[in-house]
Structure formats: structure tokens, C-alpha cells
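In what follows, a structure is listed as C-alpha cells, so that the remarks can point back to it.
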Amino acid sequence: MSTVLTWVSATLLTAAALLIVVRIVRGPTVLDRVVALDVLIAVIVSALALEAVVNRHGTTLPILITLSLLGFLSSVTVARYVERDSSEVAEDDDVEEGRG
Amino acid sequence: MTPNLVLAVLVGVLFATGVYLLLARSITRALIGLLLMGNGSNILFLVASGRAGRAPIVTGHDSSGMSDPLPQAMVLTAIVITLGMTAFLLAMAHRSWQLERSDVVRDDPEDVEILRRAEADDLSDSDFVGDDLDEGTAP
Amino acid sequence: MTAVLDSASLLCLTASALLSLAAAVGLLRFPDLLSRMHAGTKPQVLGVLLALLGVGLRLRSGLDVGMLLLVGLFQCLTLPVAAHMVGRAVYRTDLVRSCDLAVDDLSVERTGEDGRAVDGDQLGPDDHVSEDVHRSDG
Amino acid sequence: MRRHGWLGRQVLGALGGAVVWVLLWGNVSVANVVAGFLLSLLIVVVFPLPPLTVGVRVRPLRLLRLVVRFAYDVIRASLHVSWLAFRPQRPPRSSVVTTQLTTRNQLFQTIVGEMLSLVPGSLVVDIDGEAGLISLHVLDVGTPAQAAQHRADVLALEQRVLAALAADPLGRIGTEVDE
Amino acid sequence: MIALLLAHVAAAGVAPALVRRWGRRAFLALAVPPAAAAVWAAVSTAAIHDGHPVVERYRWIDGLHLELGFRADTLTWLMVLVVGGIGAIVLVYCAGYFSDDEPLLGRFAANLTAFAGAMLGLVTSDDLLMLYLFWEVTTVLSYLLIGHTSELRPSRSAATQALVVTTAGGLAMLVGIVLLGERAGTYQLSEILADPPRGPLVTTAVVLLIVGAVTKSALIPFHFWLPSAMAAPTPVSAYLHAAAMVKAGIYLVARLAPGFSDVPLWRPVLLTLGGATMLLGGWRALRQHDLKLLLAFGTVSQLGFLTVLVGTGSRAAALAGTTLLLAHALFKACLFLVVGIVDHATGSRDLRVLSGLGRSLPVVAGCGVLAAASMAGLPPLLGFVGKEAAYETFLHSSAPGSTWVLVVLVAGSILTFAYSARFVWGAFAERGPRSRVVRPDAYALVGPVLLAAGSVVVGVLSTRLETLTSSYSRLWPADGHAVHLGLWHGVTPALGLSALTVLGGAGLFAVRGGVERLQAAVPTSLDAQRSYRATMRSLDRASLEVTGGLQRGSLPLTLGLILSVLVIVPGGSLLLGVTWPDEVRWWDTPAQGIVALVVLVAAYWTARSRRRLRAVILVGITGYGTAMLFLLHGAPDLALTQVLVETVSLVVFVLVVRRLPQRFSDTPPGIGRWARATLGLLVGAVMTGLALTATTVREAIPVSVDFPRAAVEFGGGRNIVNVTLVDIRAWDTMGELSVVLVSATGVASLVFLRQRFVDRARQALERTRSEMAERPPGRGVGWLARPMGVASERRSVMFEVVTRLVFHTVALWSLFLLFSGHNNPGGGFSAGLVLGLGLTMRYLAGGRSELRAALPVSPGALLGAGMVLAAGTSLVTLAFGGEALQSWIFHLHVPLLGDVHLVTSLFFDIGVYLVVVGLMLDILRSLGSAIDDQIEQESELTS
Amino acid sequence: MIDLGWNALVPLPVVLPLVGAGITIAAQGHQRLQRAVTVSVLAAVLGVSAALVYGADHVGPLSVDVGGWRAPLGIVLVVDRLSSLMLLVSATITLGVLLYSIGQGRASGDTDESDGGSPLPVFHPTMLVLSAGVSNTFIAGDLFNLYVGFEILLFASFVLLTLGGTAARVRAGVSYVVVSILSSSVFLSAIALIYAATGTVNMAQLAGRLDALPHGTRLTLHLMLLLGFAVKAAVFPMSGWLPDSYPTAPAPVTAVFAGLLTKVGVYAIIRTQTLLFPGGQLTDLLLVASLATLVVGILGAVAQDDIKRMLSFTLVSHIGYMTFGIALGTTTGLSAAIYYVAHHIIIQTTLFLVAGLIERQAGSTSIRELGGLAKVAPVLGLLFFVPAMNLAGIPPLSGFLGKVGLIQAGADVGTPLAYVLIAGSVVTSLLTLYAMSRVWGRAFWQATPAVYRDDPGAAIEIEGDTGVTVLAGPPPRGMTVPTAGLVLVSLALTVVGGPLFALTGRAAHDLVARTPYVSSVLPGGTP
């Protein structure tokens, strides 16, 4: 039972991570990408939690605290400077792919 | 030791992509290539440290099953050095942009000039072209 | 008891993983950035909290539970800020076109009050050039 | 309305820090509490920041009610948005809805904004602190009627927050009062 | 002998000062050392000829078998007389020759005196390497002396030519010396000659030595440098290019001949080159109009003659050779000095211009005629004696080819007679209006007179000379016919040949006009000068081609080359007998596979991104993935640090990239896309291969097995990685701190480029400090300390409030990581990064003013304090008698608090913390605030 | 316990500069204090290094287990004869260059160009860090610590190279930084691989453990390590980066780079070839690379018009001499190579300092633009000519002594390839002389082609056949005296050639024997 759940969780997280990477690749704007990065960080938190549960240790907790306190800074930074220079968010390369 | 295939292949992938970017002319691109290679060499240390184990934090008297702490210490050093590199190269990219509105590394002008002279057979700078003294012209 | 707690812990994690996947799917499927933000970031809050709960149920030591509480708290404090800053940037850089919105109070208010509506002209001409991603190399 | 002096606020902050410190170490001992307090005091002295707690009064029961209702909202909305992600149809239309808040206290505005943000389906696009205007991007709001309903929800939340935390539940107190 | 050498060195050292003081008369003082050398030789004559060579040896560099070994035997004695005597005479001549306002005369005097010393060293060295040493010194001094009038292009190119040619030969000679020395096991000349080694290697060595001699003595095909060298002032020509330096090659041949003249190739090479040179030089001398050039070609010819004589390697030839060597030194030096006087007296050396000097400068002309007669081989002068002995030698030699040699010598002597006559006629005969003449200085006349007299006196006393020099020629066994020096041997075939020489020479002189025209008409197809220039031109050309081809100055190409070497060399070695693993495991846990997959995908798309920020975010994902892999490998410290570093990196990237165009532009193209991809794949494959093969051969137990016990017992910590960082390998960490420190410095130096920018930042900081002293933020209004760094419409209430709520907690968290790091994941690095990100939060929320207010110190102070703390820890432990960076554990019992364990390495970790915070503050100050400032200024400028 | 006393000195060449760096970086804006600290620290390092030379020669290799962690557990610092000599030479030139740059700073007076030609007060701390890094590489007894040492000096060099941030420096700096980091990355990977194969990074222990590896893998690891170092040492074909980057830096920076940085790579190659991978399995490869380096490098020098670039190419070329001696692997070869390293450090540094003086006085280092310097600046002429002849290997200067040692070593080995290398060596020597005489002939001898500096304040004018040279006064004494000091040091290499060659001989003997090093680090034998 626990093995199955572990596997199911791991598979779901992997799928999520890959889909997020697809969004990061597609964009089309940098804001899409940082949003996706935030989600990815959340997936990482879940993955860390899963690992902690499976191996039953608390050594990853400092990482969780750090991410929860400071992980938001990357997207805030991007948002700050994009706000100032709107050309930075211009939809890019793969705009057709992103919409299509 | 039995090598870990997935990690070994990942090392290769990170180096491959890193090299691909490194060979571009843009400073930021080269930097990103170096970061990929840095991740690659860090994972190489994981390969070198053998089988994964628990974190090397002594909890009881039993230290078996711990992963090798020495490569970890070395990787930590490497990570910090890489951070310094990132900051510095970015500062250079910025400076390059300030100067030339571009972070592209251009070819060395002196070398380009020598290549031009070589291709044009331009020996104007040689002391041994043109009519010189026949044999011994004393002043 | 331990077995029950352990199973509950794993169930929490599975649920969290499922929410993560939902977030990822929404991120991919939703048509515009602000919608994607809803889909992507919000279920995550619950997902992360569930994951932390799962860990707490499994580890059950004072040290770890204290830390987990803090993690949850910090997540709740910081995630909205990120969402807000990004959302504001999205709105201000006019990535959400008013026509996509059913109701747009802010646009009315802003143009009405000080006429500072951000218009599309701020995008440089070169930014609409679309390139095939496969020709991504010089 | 000065509830605490400067020193008192620093000590209060340091005590909060000590709590966090104890939570981090995970065991309550004299050494931990003292160390946590001293280090926190060091921090608030080295990194001075303006006071936070002006106009705050915690009412535990109301706070509990706020939290429970919030948890309910989060879970419900999370499931709803997840369903929107997975269901085959196109996602619904969304709107930007601005609400006039009662309070001018930016702390409470922020708390309202935070809680609204944490509930899936709404996202703070802008807060005009002085005017007390909060603008949200809301998923699945397609008509002015739905927008009006949403404004009502926001105000209800604000009332719950003020009831649980504000010294003046009517929210008339701003942050400008100090010194 | 070393004392004499030192005297020369000292004289050269003070020469510029003397010249400054006494003008040209300083040369009289400078003539003392060479004169002393000659006197010393004269005084030692008896001892040397009794078979007791004077020997001096001092150890110098045993490792190179190089010793200060000097030895004076007969040959040396003769050479010392020549170089010392003529050296002194030339220096005295200089005192009359130059004017006091000659530019750079001091340097010239020093060089000339030093040259005399070098020559003395050359002929007295008994160590082959020492000989080479002096040999090269003479080359360099000759270069400087030829280039004395360096503004003139001919001077410069003549100097360079002489330098290049003689050094080329010298280097060949050096290789020969080393081959010979290593083969013989000694570099001592006398020892080698006492027991000369043999073999193909020795033959090679000897040929290389001959190359040296040939270039130095200006034999074919290297003869061309000598006439060009006439660009030098006349005293130089007289001394270096007639009497002394060019004799070095002759001396070397003479020195080696007793030991090596029967080495294969020795005689053929030397006799051929010598003979050819004798003829060519003489022939060319006949067409020169410049008296100096005429003499120069004459010298070339005579050097060929001398080479034939000393290279033959028989008792008779050696006797003739030494005699002629002395004769040549006397007459040629004299002639040059005479030309110098003529030149100064009339302003010309062109024999078509000069006229009537025989009458207007009788003393000079007398000397010139005597010397020229000696050169022509007329009795009773020494030149005659030498030439007679040479004829005698080859008339009676039974060695194969002697007849041919004799024919060449006679032909050469005929040419010599002819150009001697042409010289006398050209310089002194009266043919038209007499040249105007300035009276020469008395000092200038001393030399010619002495030298001319020498030619006569020694010629007359030639039998006495034989007794003095024969101990050299007697190194060879007596053969059939004994040759002796003397003016009169009766009517011999040699005398007949002498008569033939005179007649032939006179005839040739008579048809001199025809000879000149003939020479002008027949182009010299093998012009050595031209081939030298062509060689040098192709050298210049080759240098351009090679450099242009290999040094492209293109970063991608440079990197590509390095990586190609990586693929070919270590990569290639993977294909040759490397131990491949018998078995591999796919992973330690499947999770590794999952994470690896995500990293792979992200890495692939990173490489394909054209948008900067897309690439940045994707590379960030590979970083987070790497962190996950660390974690899965049981490395939480690494994972924590990596996660922090990723966040910091992204922030720093955005701070900079905000200024750059969004897309990468890689124009102009470097390496094509497919080439890059191929090289990338190959490098990747090599790295994977290396990882697999290196891992599989591990049998040893890693050194770190002892770490856990050691960490707890000696390091006082349970987190082994942290104990490793701050204790076991603290030295690495200290180094790494300096890397951080210097990167921070570098970032600042690239942003704050001018002192005024630095000053402005410092003033802003001071302003903030005083503001904060007046109105501390703890009593302030709003949520942050000074958030007006952000324009009002860009401020965010939510962000500011949350920053206010979270910042102190972040600081506390960083202290927690710092203090718990010894036992749990954490430590100074991660702690410092956490606080740094806290500062970043303040900066993002409130702008640069908020950043200044958050931590109103300069980054340098933090960096410096941290570095001093970390490095100082090791100084302190050293001072207290421990090893550097040794840590002590203090167990304290504090009432109420219980037991406290204080590990001194904590201080080290605090140092780390401060440095990292300093780095972060520096980055924010530079790439954040300073760039904000610049942007603001730019927009003010544009609006 | 005399040993303890000597050992206590070992960490100082690293620790003292780092403490100094900390102080000077905190003291930005207090130039006098910075100068005082830097000069006294570097003087102290010089003194310590001199003492270490004595100690290592008389007591044997000095090794320190840092922090008291017995080798191979912790990091060990080792000073044997080779290391001590390298320390001494590097300390000498660092101090010399620093004094020169202070002289330059004082002479320019203007605040926008202070010491070292940098507008910012970062020169002193960075130089100190550079010095610490260089010292660290020389004393590292641990492969990873060697990497750290390299990183320290590289990062310091990055900052120094880009001081002032001009376009040329940024362009050159990027190339230099990227190439350096690539080479470090190769080195780091090699360390990971070596650890994978052996489980240790302690060099003394590696000496034993690498021997035990299967031949193929050992060769592969050897090549990887060598590749990383070869880039740093600028061995052909990994040398292209050097001439493009060094000449753009401020003169004192170029000088110290030219003296030290490549030699650190050479030092690492020596350790690789003797301690870690003895047995000469790569002799031929290294010999071929040496030959190519010698010839390609010197042809590059001949092609240049700019003195600094020309010197940079000779720098590359002459690395070939050192690798030649190392490749031979014999005691005589190594001894000569070590001597040559010492010689070359001093002489290249001096020449670049002179180039800096020329640039300062005449406003250019291009021989197309220079002329007449021998007449107007005789001091400059002397300061250039002596080291230039030294570089060209003219006896009795040190370049000659080193070259003779190498040729002797090559002749002793006596393989055909060794003879080819001997030929290559002398050809290089000749072409070096040619390149130097070209500079001398153009910049010093010929009359000036054009007016190139207008500084009417304190100017000397001379008329030549094609134009007028205008020079800015006599060179400042603060710059000429340190340069002259280094010229004297280079002459001292000749004067004390006997003892010095004896020392390098003993150093080479230790290297070939390996046991002195190994048993000093691991007195209980190799675990």
C-alpha cells in the first residue's frame, strides 16, 4: 500500500514537473516562466516532503524553511523589473506554439 | 565501485549542453554554459562519492550507510566559487553592454589585423623588404 | 497507531501530489497568464500545507513539528506577495487585454482618474517579431 | 493610541523572535529561550524597523472563526480550480474587480489581501492603501452581478479580519498615529 | 687572468663617467686594462714557452659543469698579445679619433672596453661553456658598437645582421659544445684535447662548432655580414672586424685542431670554405671604391686564408697559420686606423675622390704603405714571412688535395696583392687635384705607427717568433719537410711562387678597370646578402602566416580548440585499453532517474533558448534539480546551499539582464551550430565515459571513513560536512572566502568605475547613517526604514508589510543556520546567503535607500572583517603554538543554561558568514543600487 | 624541536596576505594605510619565503597538517625545495611589482588612476589575494586545495585584468575569464575522477594509490589533469588565450601575471609528472607539445608590432623550455626546468614593467610609433636591454644558464626527439633575439617616425631623420627603482648560479625520488 502510494505520488510529481518545464520552455513571457518556476518550487517542496516521509528524517526541513521564506524572491525580482521595462515581457519566440 | 549510470549520463548531458552554450559569443550565454558544466562537475563528484547513503550527520554511534562527506565538502566549495563567478561575469556582461550595447565578445583586433596581413601578404612591416643596401654600404 | 499515522501521512502526500499535477495542468492549459496564475499557484498552497502535514504525521517529533508550523506560516505569508507582484506586473504591462476580461474595474478607474492606462505602444516594435523556436540558434 | 513604548516594542519583537527560535530548535529549555531572546534583541537593534503592532488587538475566538472559515474557503476553492484545470472545457472568463475597503490600516489591508490571494480564484492586482481600494483578478466571474457578489465577499472577509485582530473593529485607525 | 678580466669590467663600468669628465681623453685611461693584459702576456712569455701554461680555476656552476677556468698556453699567449695590444692601441687611437661632443660617446667607450675584456676572456677560457659565454658577449657588444650611429638605417640593419648571423652560428656551436662536453664528460678544453672523444656524435658536435667559427669569422656562406658591419665607427672596424673578434673563429679552429683535425669532415669543410672565401673576398675587394669596404673584403679573404692554414692540422700549417694570424692583426688594424685618419682628414673614403695624400699626410701614408706591403706579402714584412711559410707547407705536403690548396692560396695571394696595390694607389696616389686635409690628432697617429713598425720588426725577427710560437705547432708530429720562418730560405719553389704572386698581382692591378667592369657585368647569382634577406623575409612571412592561422583571437575558437584536445587526448585514451565497468547500476533510487530526466529536459532547452531570461530560468531548474540530486545522495547541506545559490543567481541575473537586450545575439558568428553541437556531444560522451571508467576501478577505502569519529571527537560537531568545511578542510574554506571577497571586489570595480562614483556611494551611506541617527526607523512611520528608493506608483503595500513581517525572522533564521550548522544542515555559507536574501528582500521592497538603511555599512567592512576573522583565527592558533586553524572545544558550565560547548571553529564560521553577507551586500550595492542610479541618470538625460 | 619552528612558517605566505587583504579592503579610501599594510605584508612574505628556502633545504620537506588533522585526513601544506624556491621568487616579484605600482600611483597623482593604474582602491587587496593564491598553489599538498589555490589567484587575476573596465580590458577579460574557468572546470572534473578512482585527494597518498590503478585508467586521469594545467600554463595548442588577454591590463598587472600565473601551471605540471604520475608515460607527447609551444609562440612574437603583445608571445614560447625539461623527467632536466622557471618569472615581469615605463613615458608600446628611446631615455634603454638579452639567452645571463641546462639534459637523454627539441630550443633562442633586436632597433635606435606625445611640461626634444620625439620627462624614480631592482635580481641569478643550480638539482632529486615528499607528509607510510 505505502509503496504504491509512494510511487503514485512520485509519478504525479514527475508529471507535474515536466509539464511545468514545458510551460517554462513555451513562455511566452518571462512572467509565465517565473510563475511556472514558483509552481516548480512548490513541487520541489512536495517532493522534499515525500522524500522526508519515505526515508523518515528531518534533515530537509531547513531547506523547506528556506524555500518558504525566500523562494518567492525570484518571481518578485522578475516582476519588479518587468514592471519597469515592459518590453521584457513581450511575448517571445514561440508565441505561435504557446497559443496553439 | 559500481558506477551510477543515470548520474554519469547526466554529467555527460550537462557538459554537452554546457559546451554548446560556452562556444557562443555572448557573455551571458557562455556564463549559462559554465553554470551547466558546473552542475555537471558537481554531479560528477556525486558519482565519485559512490553509493548514496544517508546524510553524514552523526546521530548515534553507527556511521554505516552514510554517504561520503568529503566530496560533499568539495562540492560546497565549488558551488560558492561558482556563485562568485556568476556575479563577476554578470558584472562584466553589464560593463560590456554599457560600453558597446552588446554582451558579445568580439575577436581580438590585433589578431584580426595579423590575419589580414597574412592573407594579403602584407610584409610592409618587415625590415627586409624593398631595396636595401647591396653589400656593405658604409656611412 | 503509528501505521495509521504513517498511512495518513502518505495519503496527504498523494493528495498534495495530485494538487501539484492539477496546478501543472492548469498552468499548461489555461489561456492567459492571470488564469494560469490562479491555476498554478493557488492549489499549491493547499498542496504544500498537505505535504507539510504529511511530514508532521510521519516524523512526529517536537523539533520537526515546530519547523513545519513555521514553514506553513511562511508559505502563507510569502506566496501571496509573489502572486500579487507578478499579477500586478501582468496587469500593468497590459498582458491582460481588457477585452479578455468580463469586468475591468481597475482599467475604468485608472483611465478615468488619471488617464495613466498602460497602452500597447509601450511594447517596442521589435518585440512582436515572432521566431520559430526551432530556429532558436544564430 | 500608544500601547507600548519604543523599548517595549523591541522587547515584544524579541519575545516573538524567541518563540520562533524555540520552534526552530524544537525543544523548550531555558538556554534556548534566553538565547532566542538575546539574539532576537540583537537583530531588532541591528536592523531597526518601524513598529508593526499599532492598532492590533487579538480576539482569539474571532481569530479561530476567521481561520476555520479561511481553511474551508481554501479547500473548497482549491478543489474548484483543480477541477477547472482538468475538465475538458475551456476555462471560464475572469474579471478585475475593485472593492472599497473600510479600513485604512495597511496591515489589515494586507492581511485581507493575503487571505484573498491564498484562496484560489482570486489574486490581488493592486492595493491603493490610502484610498483603501483593493483590486482583484477573479476567476469565474463573468457578469457584473457576480462581480458585485465578489465585492460583498471581500467586505465580509475584511469584517472577519477586523473583528479578529483590529483594536477598532470598524477599522478607522490607520498607521499614521505614532510619535 | 680573472683579475685582468675584472679590470676590464670595472673600466667599462666607469667609462661613461670618465668620458663625461675627461671627454675623449678618457680613452687613454681605458687603454690601461688591455695594455696590462698585453704586458702580462709579455711578462709570462718565458713560463708559457717552457711548457708551464698559466692556469686559474674557480668553481662556479657545478650543475652545468661551468667553471671559471682560464688557461694560457702558447696560442692564448699569442692571442692575448693581439687582443690586448691592439685593444690598447685602438683605445688610444679613439682618444684622437673622436671629438668630445660625439653623441653617446660614454656608452661607446664602455662597450669597447668591455669588448676588449670579452675578447680576453674568450682566448683565455679553458672551459668550453666559458668560451661560448665570451663568444656571445663579443657578439652582443659588436651589435651595440656597429649600431653606434643608430639613427641611420644601414647601421641598424648591419648590426642586426651581424647579430643574427653570428648568434645563429653561435647557437649551433653551443649545441656542439654541449654534445662534445656531455660525450667527453667534461667541458674543460685542455682535458678534452688531451683525450679527444670520437664517434658520430662527436663528428656532429665538431661540425656544429665549425659552423660557429665560420659565422664568426665571416666565411662563405656567412661572409656578407662583415662588409656591412663597416657601418661601425672605424676603431670598431679595426679592432672587432679586423684584429680581434673575427679572429675568434680562427682561434677556435686553431684551438680544436690538435684534437679534432682528423675528424671526418673537418678538413674538407674548412679547406673548402676557407679557400673559397679567400678567393671570393679578394675578388670582391677589387671592385670596391670605399677604402673601408675594400679592407673589409680583404679581411674576408684573409680570414679564409687563415682558416685554411689553421684548419689543415699539421705542424707546418700551424706555424704558418699563427704567423699569418699575427701578421694580419698588425697590418689590417693599421690599415683601418689609417683609413679612419684619412676619413677624418678629408671627409671621404672613396678612392675615386681621394688624391695626393701621400704628400699631404706622409706619416700616415708611410704607415699605410708598409702595412699594405705586409698584406701583399712583400719582404721584409711579416706578411711575407707568413705567406712564404704557407707556400712552403703545401708545396711539401703529401696530404691529398694539397696541390689544389696551393693553387687556391697562390690565386688568393695574387688577388691580395692586387687589392693591396689598389688600396695604396687609391688612398695615397696623386691623381688630379689634391684633397683638402685636416691635420690628424697626435694620439691617432700612435697606433698606425706602432702597428706598421710591428709589421717590420716582427718580420725581421721572424726566427725569434718561431721559437715563441712553435710550442703550439709542435702539438703535431714532425712530418717529412720541416718549415721554418724566415725572410730568406734560399731560392726555393716557394720564393718562385711569391714572385708569381707579385707578378700576377701587379698584372691584375694594371687591368683594374677591366676587372671592375667584369665584376659589374657578371651578376652574382649566389648573393649571400640577398639570400639572407630573403630568408629573413620568409621568416617574417612565416611568422605572419603561422600566427594568422593559429591565433585567431576568437574566444569560441580558442575554447573549441581546448575542448577538441579534451576530446582527442583524454577522450582518445578511453578507446585504448581502459577498464570499463563489468556492471553498472542504473540508479541508487528511482527518484534519481526522475530528477535526472527533468534536469535533462531543462538543460536541453536551456541550450536552445534565444531569450536570456528563459535560459536563465531553465538553467535555474537544472540547479534545483541538482539540489534534489544532492538531497537524494544524502547531502542536505549541499542541497540547502544550492537552493540558496539558485535564488541568489536568479536575482543577480535579473538585476543585470534588465539592462541587456532580451535575446542573445551571437553575431558575428564564431563556430557553427552543428559544430558546437557535435563538440558538445563529444565532450559529454567523454565525460560520461570518464565517470564510468574512473569509478569502476576504485578499490581503496576513501580517506573519509574516519571523518565521522573524528568530526565528533576532535571537531566537536555532528554534521560532518560542516565540520569538514570549518575544521578538517578549513584551509579550503579560507581560500574560498578570498575568492568570494575578490569577486565582490571585482563586481564593485566593474560598476563603480570612477573614484567619484565610489565617493558618491560613500556620501549616500554617510547621509543615511546620520539620518538614521536622527530618526531611527524603530520609531518611524510606515513599514520599512527608508522605502523611498522605489517610485511611489511602484511601491506595494503588501510587499512592504510582508517584508516588515518576515525580515527579522529571516535574520533569526540565518543565525539559527549559523549556530546549528555544526550539528545540522547549515553553516556560515547558507546562513550568510539567507541574510543576504533578506537584504535583497528589503532592497526589492524599498529600493536603494532601504538597502542602505537596512545595513548601513560598506560591503568592504564586512568582507574585510570576515576575512580577518577567518584568516586571523589561523594566525592566532599559530601564535599559541598550535597548527594553523586548529580548533579547541571549550566545555563551559553556565548556571541556568547548563553545559555549553563552544567550538572555536565557530569563529571561523562567523568569518565565513560575514564575508558572504559582504558579498551579497556588495552585489546589491553594485548591480542593484548603482545600476538604479545609472538608469535614473540616463533617463534624466534623455528627458 | 627545530622542526616545529620551521613548520610554523609554512602557512604564513597564504595567511599573511589574506589578513592583509581583509585589512586593506576594509580600509578602502585610506591609501596610505593600504600601501603600508601591503608593503609590509609582502615584505614579510618575502622574509618568510627566504627562511623557508633555508628550512626546506636543511631540514627536508616541511609539512603542516592544517588544524592538526593528521594527513591524509585533513589538508596538508608542504614546502619542499621546489615549493620554497617558487615561493621566494614569486614573493620577490610581487613585492617588486607592488612597489612599482605604488610608484606609478604616486607619479600620476590623479585620483582617477591610483596604484596599479586602477581608478579604485581595490588594487591592494586584490594583489594580496593574488599573492595568497599563488603561494597556496605552491604549498598545497592536497589536490583539491591546489584547485582552491588556483581559483584564488584566478579570481584575483580576473579583477586585476579588468581594472578600470575599458572596452579592451573587458573584451580581453571575458576571454581570459571564460578560458580560465573552463580549465578550472577540467581540473575540477579531474579531481572528481581521481577521487572516484582512489578515494583520496592527498597528493602524497595519491602518489601511492595512483600507481596501483590499471594502466589505461591511470593514463586517462593523467591526461585529464595535465590538460587542465596545460591550459593554465599556456602550452600549445591551449595557448591562444594568453596573448589576447595579458597585454591589455595595466602594466604592473600584466607584469605580475606574466611572471606568475603561467608558472603556477608549470609548477602543477611538475608535480603531476613527478609526484602523481611518474614514469614518463607521456614524455613524447609533452616533448611534441613543448616543441610546438616554443616555435609557434616565438613566431607569434616575431609577427607582433606591439611590445606588450610581443612579450606575451615570448612568454608562451618560453613555457616550452620549461615543459621540455619537465618532459625529460630526468634530474638534470627538472633541475634546469626549475631554474628556468625562476629565471623566467623574474625576467618576464621585469620586461613588462619596462614596457609599462615605455608606455608611460612615450605614450605607446607599438614599435610602429616608437623611436629614439636609447638616446632620450638611456635608463630605459639599459632597463630594457639587459633583460631582453637575458630572455634571448645571451650569456652569462640567467636565460643562458637555464638554456644550457636544458640542452645538456636533452643531450643526456639522447633520443631523436630530444635532439629535435634541442634544435627547437636554439632556434627559439635565436628568434627571441631577433624579436628583441627588432624592438631595440625600432623603439630605441631608430629616429621617431612621428610626434606621439605632447606634454610640454617637462619635455625633452630630439630631432631624428623623420620626425620629433617628445617624451614626458625622465621616468619616475618610484617606477624605475623597483624595475632596476628586479634587473639586479635577475643578474643575481647568474652570480649565485652555482648554489642556485645546486639547490634546483637537489630539488629535482627530491622530485624524482618522491620519498622525501611522501614520507614527510605521511611519516607512517602510505595508508
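Labels for the chains are A, B, C, D, E and F, by order of writing; each one numbers its residues from 1.
The criterion applied here is as follows: contacts are C-beta pairs under 8 Å (C-beta built on N, C-alpha and C of every residue); 3 or more make two chains touch, one makes a residue touch a chain.
Note that the coordinates shown come from a computational prediction; the quantities given were computed from them, not determined experimentally.
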Chains in contact with chain D and also with chain F, listed by label, are E
Farthest chain relative to chain C (centres taken as mean CA coordinates):
E
Taking each chain's centre as the average of its Cα atoms, which chain lies closest to the overall Cα centroid?
F
Going by C-alpha centroids, which chain is farthest from chain B? Tell me that one.
D
Whole-Å distance, chain A centre to chain D centre, using C-alpha means?
25
Where the CA atoms of chain C average out and where those of chain F average out, how many Å apart are those spots?
55
Where the centres are mean C-alpha positions, what is the separation of chain D from chain E, in Å?
74
Inter-centroid spacing, chain E versus chain A (mean Cα positions, whole Å):
58
If a residue has to touch 2 or more other chains to count, which residues of chain A qualify?
10, 13, 17, 34, 57, 59, 62, 65, 69-71, 76, 78, 80, 83, 87, 90, 92-93
Overlap residues in chain D, where contacts from two or more other chains coincide:
20, 24-25, 113-114, 124
Could you pull out the residues of chain B that touch at least 2 other chains?
1, 22, 24, 30, 40, 44, 47-49, 54-55, 57, 70, 74, 77, 81, 84-85, 88, 92, 95, 105-106, 108, 110-111, 114, 125, 127
Chains grouped in pairs wherever the two touch, ordered by label:
A-B, A-C, A-E, B-E, B-F, C-D, C-E, D-E, E-F
Touching residues of chain E toward chain D in the complex: what are they?
772, 776-785, 796-798, 800-802, 804-805, 807-809, 811-813, 815-816, 820, 854-855, 896-898, 900
In the complex, chain E residues that touch chain A:
590-591, 594, 597-598, 601-602, 605, 610-611, 613-614, 617-618, 620-621, 624, 627-628, 631-632, 636, 639-640, 643-644, 647, 650-651, 654-655, 658, 662-663, 794, 799, 806, 809-810, 813, 817, 824-826, 830, 834, 837-838, 840-841, 844
Can you check the complex and tell me which residues of chain A touch chain C?
1-2, 5-6, 8-10, 12-13, 15-17, 19-20, 22-23, 29, 31-32, 34-36, 38-39, 42-43, 45-46, 49-50, 52-53, 56-58, 61-62, 64-65, 68-72, 75-76, 78-80, 82-83, 86-87, 89-97
Residue ranges of chain A touching chain B (in the complex, touch as defined):
55, 57, 59
In the complex, chain C touches chain A at residues 6-7, 9-11, 13-14, 16-18, 20-21, 23-25, 27-28, 33, 36-37, 40-41, 44, 47-48, 51-52, 54-55, 58-59, 61, 63-64, 67-68, 70-72, 74-75, 78-79, 81-82, 85-86, 88-90, 92-95, 118, 122-124, 127-128, 130-133, 136
